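After the structure tokens below, expect a handful of questions from me.
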């Protein structure tokens, strides 16, 4: 294992400290318990947005703290959801009285820890709504599993719900638009290589030189099935098919196309995937109205990508376009 | 011979648990690597080190207090799925024990039952879903059965053995809860890490009483 | 070799095509000869900025085409400088009459090809100035080599010279500020792993599991020397020392600190490096006024990073802060 | 026996060069991988394929025209350092040959000399800098020496052999120009890829005349 780290157990501490130093104009970092808040939090009258999860997905979530997106991010250990004693103070810190929305990726750990924190916050008089993100179509039998995972769609939920909060939508409205984004987005991922969790010191799964994992999540867990390596167009088709059929994309639909790198894939390759995905959408008669290409929700140094398709309506598009000023996403500011 | 389970036992239990997590850290990481995200051993080790710190900081006066402190430490330091589940388990067990200074066999079995119920209440897993419940449920049943004789050590040994067998029995199962469930059929052929850590913790409870 | 590509020989074509599809609001792509121009080029009265080089460094250069930065980017084959028959039409396409600045990284191939194109453009009546970027302190004996390479500093030159052109500086002024940035920036890089050029199919060098390369360039060429793996703080110190001593950073200096990922390193690790680099600067009494952390000039999927330190003056800082709207860098728009 | 070097020879030379680049593509990539950026074989192969296309498109009428077309194709398709250097080399050689229909031994040696001078003018490398110059300079010297006898084939063979020896002689050198120079001492012990491709091209010139 070769990584730009010091003590494997200090990875999150030091990384978040560096993040705070680099973006002191945007955020404030609480070291213990660990969470990152927007520098001007709580913003008077504004619904607070809190998200969080295991570390190792950077820039998610701390990279999305700032105007027009999250008010707080709560980083757990690598690939381990944070604990209520982090989530609760983050929630309290961003509550201006207008209530707080928790954006939670659907994993047992995240759900349980945020649930506890929400209960505790409510006990302290803070109204909390939870938007559960579960956009991963790789999980098929969601009745017999922990349900679909929250993956790439999370970034879109955070941006759009964040913009809604920023324009002054109330608690229920912000939660509702978050839910609406989640209902209209589907994601599927592929890994060309595994990642290595620092404290584990070994790749999270073993892949042969000619194999890839289809339907991976974002925690280095193996995917749904393993196939022989293929050209990018074929892989893209495999990812697009379940996304489009599950979402029921029809001719005339307007969509946002998001090709996300898992951390170790060159940006140039993501554009090769984007090219094919855009062709597939054009073939379906859908119009790509907005796009996002890059490393936004990663799995450490994993090679691979995920594709998300979000069916847009006018309000979502306007909120997507709204100003945002965070470390990882910025426009209009 | 009936062993008296008091706060000394409880502290020793937690200390042995912490030792077991440190010793089996890599093994639990490996189990989680196979069907999860490679963190279970790290999380449990970090959590129980925090328990040791808390025990040193504010030595508890009753077994119930020791378990409550453990619940709080695990809840705030483990994270992931295991943190809240173990946190709830220890909290419910602590509540069951109340502030009694000594734990007799029926109270012990009831506390283990309460722990298991807490896990089920939070995680909604059923037996056979390939989770820590598959260690706890046979453990509780064995404890209940043994409790009649009034021998706390026997109760703990029965629970530990049943938990170990239960953990082994998760090997062929297809996961239906937790992160391993995403793997579908590919989760079969691997031991559930949470069931394995549960067996270690229950073995530590027996070890502390021996 | 596992990559999200189709035919290794179509990598640049397809990637640039995808880029054009994803950013049609910002750029126009010419497929043959291949170059990317700002959508509204030529901008009347504005000095044109053209850069280019081998592909595989994305988002550099096409990702920096747009308002406030480049007017055109000219992508060569992977790690191969582009040819005059691409550079010339790109230069002509962005010339509004105010002349064109070529920003050229100092490699023999880039220098020769841009030189030829500049001559040809001049023959067609376009005034061309060249800003040569050579910020890499890893190259020690520059008398006995092709000279220092252009690496991370290129991004800063493109941003700051681009802002100068956008505010209306004339040809000489834009070239002069580009040169000033180059004179005030130093960079040094490290590789934890090699990258694999698609057509080569093999890693560009072989590293043992416990070895790293200090002083790498951005083309997968081996570095100056090889050492045993070290903690991130030690590596950071090794990169900072030659940068700071060569640049002569003194107490009271204001600097921009740029930690750049080589493509395969998790963002979280870059912040660990940033943390240490910021400490080192603080120890010297320098103030980090601006920062940039992320994958901006990469070497395919190489793991590693480079650190650049730019000594700022007020004009450079203002130009750094000026609005920019490109695929990879955006603010104020 | 003196071979007549006409446009047929020139086209055959370029065709054999293209074949050599395709055949030795991987080898040249490997040489460049060791001390450069792994693209030389790919670039030369792409460039000479473009030369073949151009030759087919607009068949040249003189050796000089063939070399000029080659210069243009290489300049616009090779990129990197080698593109402009070979482009200049072929352009200068073409200029030296003018529009003569036949090339005699002195003209041939002079054209090779012009090519070499072009490379030096563009790249500023000296002998011993571990570049393609280290193949071209001995080749030109050998060609000049052989030219007196008037035997064009002998001139080409002498040039090819000297270029090959020159390329081999780059092995121990420390590079002082081009990308390999960044490696400093570590560049020693590897053959310069541009010197190797130069030797192949000059060998093809001899092969075309044989």
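Letters A, B, C and D mark the chains as written, and numbering starts fresh at 1 in each.
Everything that follows uses one rule, which is that a residue touches a chain if its C-beta (ideal position, glycine included) is under 8 Å from a C-beta of that chain, and two chains touch if they have at least 3 such contacts.
Owing to the predicted nature of the structure, the values given are computational and were not obtained by experimental measurement.
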item: Required minimum of steps from chain A to chain D, each step between chains that touch; value: 2
item: Partner chains shared by chain A and chain B (touch criterion as defined above); value: none
item: Chain B-chain C separation of Cα centroids, rounded to whole Å; value: 54
item: Approximate Å spacing (C-alpha centroids) for the pair chain B, chain D; value: 75
item: Centroid spacing, where centroids are CA-atom means, of chain C and chain D in whole angstrom; value: 32
item: Distance between the centres, which are taken as Cα means, of chain C and chain A, whole angstrom; value: 29
item: Category of the chain touch graph - line, ring, star, complete, other; value: line
item: Chains touching one another, given as label pairs in label order; value: A-B, A-C, C-D
item: Residues of chain D defined as touching chain C within the complex; value: 29, 33, 35-39, 42-43, 46, 75-85, 122-123, 175-179, 181-184, 186
item: Contacting residues of chain A [partner chain C, same complex]; value: 2-7, 11-12, 14-19, 21-23, 55-56, 58-59, 63, 192-193, 209-210, 212, 229, 231-233, 235, 257, 259, 263-276, 278, 288, 291, 293-295, 298, 300-301, 303-305, 327-328, 330-333
item: In the complex, chain C residues that touch chain D; value: 9, 33, 54, 76-85, 107-109, 112-113, 115-116, 138-141, 144-146, 149, 197, 199-200, 202, 204-205, 217, 219-222, 224-225
